[in-house]
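Here's the structure we're looking at; comments come further down.
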Amino acid sequence: MNTPNLHLYVLAAPLLTAFAVNLLGRVSRTWIGPLVLGALTFSAGGALMTLLHVLREGAFRYTIGNWQPPLGIELVVDPLSALMLLLVSAVALLATSSALKSVAHELPGREHLFFTLYMILIAGLLGLVLTGDAFNLYVLLEITAITTYGLIAMGSGRAALSSFNYIIMGSIGACFYLLGVGYLYILTGTLNMADIAQILPGLDAPAAIATAFAFLMVGLWVKMGLFPLHVWLPNAYSQAPTGAGAMIAPLMTKVTIYLMIRVMFSIFSPDYTFLAHAGIQAGIVWAASLAIMCASGLALAQRNLRRMLTYILVAEVAYMVGGVWLANGTGITGAILHIVSDAMMTLCLFLAAAAIIYRTGSLEFDRLNGLYRRMPVTMAAFTVGAFSMIGVPPTCGFFSKWYLILGAVRAGHPEFVTALLISSLINAVLFFRIIELAYFQPASDLSRSEPQQAGEAPLLMLSPLLLSAVALVAIGLGSGPLIENIIRLAMPPGFAP
Amino acid sequence: MKRLQEQARGRDIGDNLIIRTAVRLLVPFIQLFGLYVIVHGHYSPGGGFQGGVILGASFILLALAYDLRTSLRFMSERTNAILGNAGVLIYTGIALLCALLGGMFLDYSALDRLISLGPIEWRSLGIFLVEVGVGTAVMSIMVSLFWDLGSGGEMDEGL
Amino acid sequence: MKALAFLATLATGIVLLYGTRDFAAWGDAASPASRHVSPVYIERAVKETHVPNLVTAILGDYRGYDTMFETVVIYCAGLAVVCVLRRQKT
Amino acid sequence: MEPLLSEIVAKYNYWIYVVLMMIGFYAMIGKRNLVKKLLGMNIFQTAIILFYVSIGGKRGGGIPIVDKHAAMLHGVDATTVVNPLPHVLMLTAIVVSVSVTGVALAILIRIYRKYDTLEEDEILEKIGR
């Protein structure tokens, strides 16, 4: 099955399934599960084959509609995007099988609406990973945004207000991005990333190029929730329905960081990004270091597991932004490896949170008492995820952090090293507090009286959780070959791990 | 939402013989014009979005002049949802069909292998087909947006 | 808060205007945007697609991928509104 | 003063869009009423649409619909037709903006149902209580 269109079938499968889910789900709910899981399994398999194909034969470009690149829209399938394709489809597959249970529990009667939006969101993320056209990127960014607004607003409590704030911030981000693309279009007359990259160095327009670069970057930073621009993120992600949160949280920010890497290296050259404006590169690393510390500090103040996780997520975003802006091969390797490992560990922790919420109905810290006795398997997986977040050796969190720290040392940014170490320390405090609560404290009488509290989560939630925990260790142990065989090829020209 | 609806009912908005008659006369022509804008998109300003919005506006006008139930009588919620899905499916289906027939994604000239018309004619026809899909989807979504926003999701009286 | 918002707005506006310094004057037929890709569209679209309305030709064919996702966007919007507004049937 | 004035006159389209953009952006981040924020978003997006459409402008250019037979026989002179690409892009952006506005309005209706107000301060007060 080695067709040239395979990577597009990966994208088309969830998209077409979304419509099928909407049509058939009205008739009968039983169709939804098999359809969704089948399509995503197909996507994950296709993504794996695409990655193998790229590794074997090298990167290739694909023109939609058979129009030559500056005219038509071009897709870029290089090792980095193929890796992201596999990551997105695998994470989506794991998150979905857990979401099937929790959505039936939280939103009864609206599963078909939920999963239609959900599948389109996955298709949008896969499209974002593949695209090689600056404007197409905006359209896909808006697809992922609109589906996310809808999914978040389906949550209960303050979800509607959080979703509205997200709409305002997300629109600012997208509009800034669009302005940046407009400036580049005026200067170059094309929207194709590779074509822009070819024309830009020959232009004599420093002010306009700098403006375009600034607006593209700020737009993406708003979208990914880099620290001072993060205000919408914790509310939105922690109040979404658990099924949606478990996919949005691991993927949205990571894919946006991937887009930032694309913009920095595929539209602009590394030379321009890092060297054209003195002080910018060092300034952003400083800002990222501050962001890590502030976000970690804010995480300490939270009293709800999912809110705490979202603040850790904000800190992790700053890890990766800082890692990319370290401007050396080791830092960028660390950032790319951290995209993979952070997606997996966020997935693992959010899936554990989903399982806990499915059984106990709450994630407040004082309700977590005695969870190890009641849900041993869930909490074991949670512990693996927590260790990875802290950076304990056999898990992948350690290796990516190691590369980030090594990169920071080589680039001479002690403040970034300090921030990473302090943040790891804070993570250790955060997670050991929970582990202490859940392991040593006896179950409170309050929760004992509830009928639902006994036992583990259902198998459909438990198996993706365990798989993601195993994946954390596997990626950790296999990080050497991963870097050697994939990430080394995915580096921008002129950088080596 | 309920309070606003009470107010609207108290002032008899739209409950006017002239408006109702005029709307009843206008709606078929608006729909005809919408169809014209969709199918004539190749030769004059227009296309799927514009025509779809005009078609949707005709139903919205009905809902404004009468009430929401009247427009639901002309097009049920179920039909509307199926039309919306069908519109998007036409587009994505054609895109996928091109790929399955051995061309690139969205390469309409690949459809030539299905019925032989010549690749360039197929490009023209392909554009037309997707515009029809877009028009259907946009009409259905515009109507459903109005129904939902106008009645606060209740699908009863509307504004 | 308001002052901060005003300052941010002002800064954004100034940066945007500063960026326009390098642009060609409005309506200049020799500007890069009118020279690089768009003439190719104008000259070849009719021959390659048999559609005299260039906007339709580009929308439906050259950039059909964008348009496909744009249709999906509006479909999502309709669905999201239903998701948000319809009350749960109890 | 003289060079600045001639600069403004030559590129007045950018000045207009920047002013509109600033109005919208200020409303989005400075206003406390949720509907005003949404209106600000619409103004912002309109500004961007104007910006793009003005890029496509060409002095002496006609509409981007050509005579099919003449074009097939003799080809088209690119300078006589405005740039159609920004128009296409903005059709997409308009649809996106309509969609976002629709979703935002739906969410506002839900917020109003729950809190009975659309002033951000009052909502936050009600949540705090």
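As written, the chains take the letters A, B, C and D, and residue 1 is the first residue of each chain.
Quick note on the criterion: a residue touches a chain if its C-beta (ideal position, glycine included) is under 8 Å from a C-beta of that chain, and two chains touch if they have at least 3 such contacts.
Nothing here was measured: the structure is a model prediction, and the numbers come from that model.
Contact with both chain A and chain B is made by C, D.
On a Cα centroid basis, the chain most remote from chain A in this structure is B. Here A-D and A-C were compared by C-beta pairs in contact; the pair with more is A-C.
For this pair, chain A with chain D, the centres built from the Cα atoms lie 29 Å apart. Centre-to-centre spacing of chain B and chain D amounts to 24 Å, using the average Cα coordinate of each chain.
Centroids of chain B and chain C (each the mean of its C-alpha atoms) stand 22 Å apart.
For chain D, residues touching at least two other chains, in rising order: 21, 25, 29, 55, 65, 68, 85-86, 89, 91-92, 95-96, 99-100, 102-103, 106-107, 109-110. Counting partners per residue, chain C has 16, 20-21, 23, 33-34, 37-38, 41, 47, 50, 52-53, 55, 59, 61, 63-67, 70, 72-78, 80-82, 84-86 as the residues that reach two or more other chains. In chain B, 43-45, 85, 88, 92, 95, 105-106, 108, 138, 145, 148-149, 152-153 are the positions where the chain touches two or more neighbouring chains simultaneously. If each chain is drawn as a node and touching chains are joined, the picture has every node linked to every other.
Considering their complex, residues 81-82, 85, 88-89, 92-93, 95-96, 99, 103-109 of chain B touch chain A. Across the interface of their complex, chain D is touched by residues 135, 138-139, 142, 145-146, 149-150, 153, 158, 160-161, 163-164, 167-168, 171-172, 175, 178-179, 182, 185-186, 191 of chain A. Within the complex, the chain D residues that touch chain A are 21, 25, 28-29, 34, 37-38, 41, 44-45, 48, 51-52, 55, 85-86, 89, 92-93, 96, 99-100, 103-104, 106-108, 110-111, 114, 123, 127. Residues 41-47, 84-85, 87-88, 91-92, 95, 105-106, 108, 120-121, 123-124, 126-128, 130-131, 133-134, 137-138, 140-141, 144-145, 148-149, 152-154 of chain B are the ones that touch chain C when the two sit in their complex.
Chain B makes touch with chain D in their complex at residues 1, 43-45, 49, 138, 145, 148-149, 152-153.
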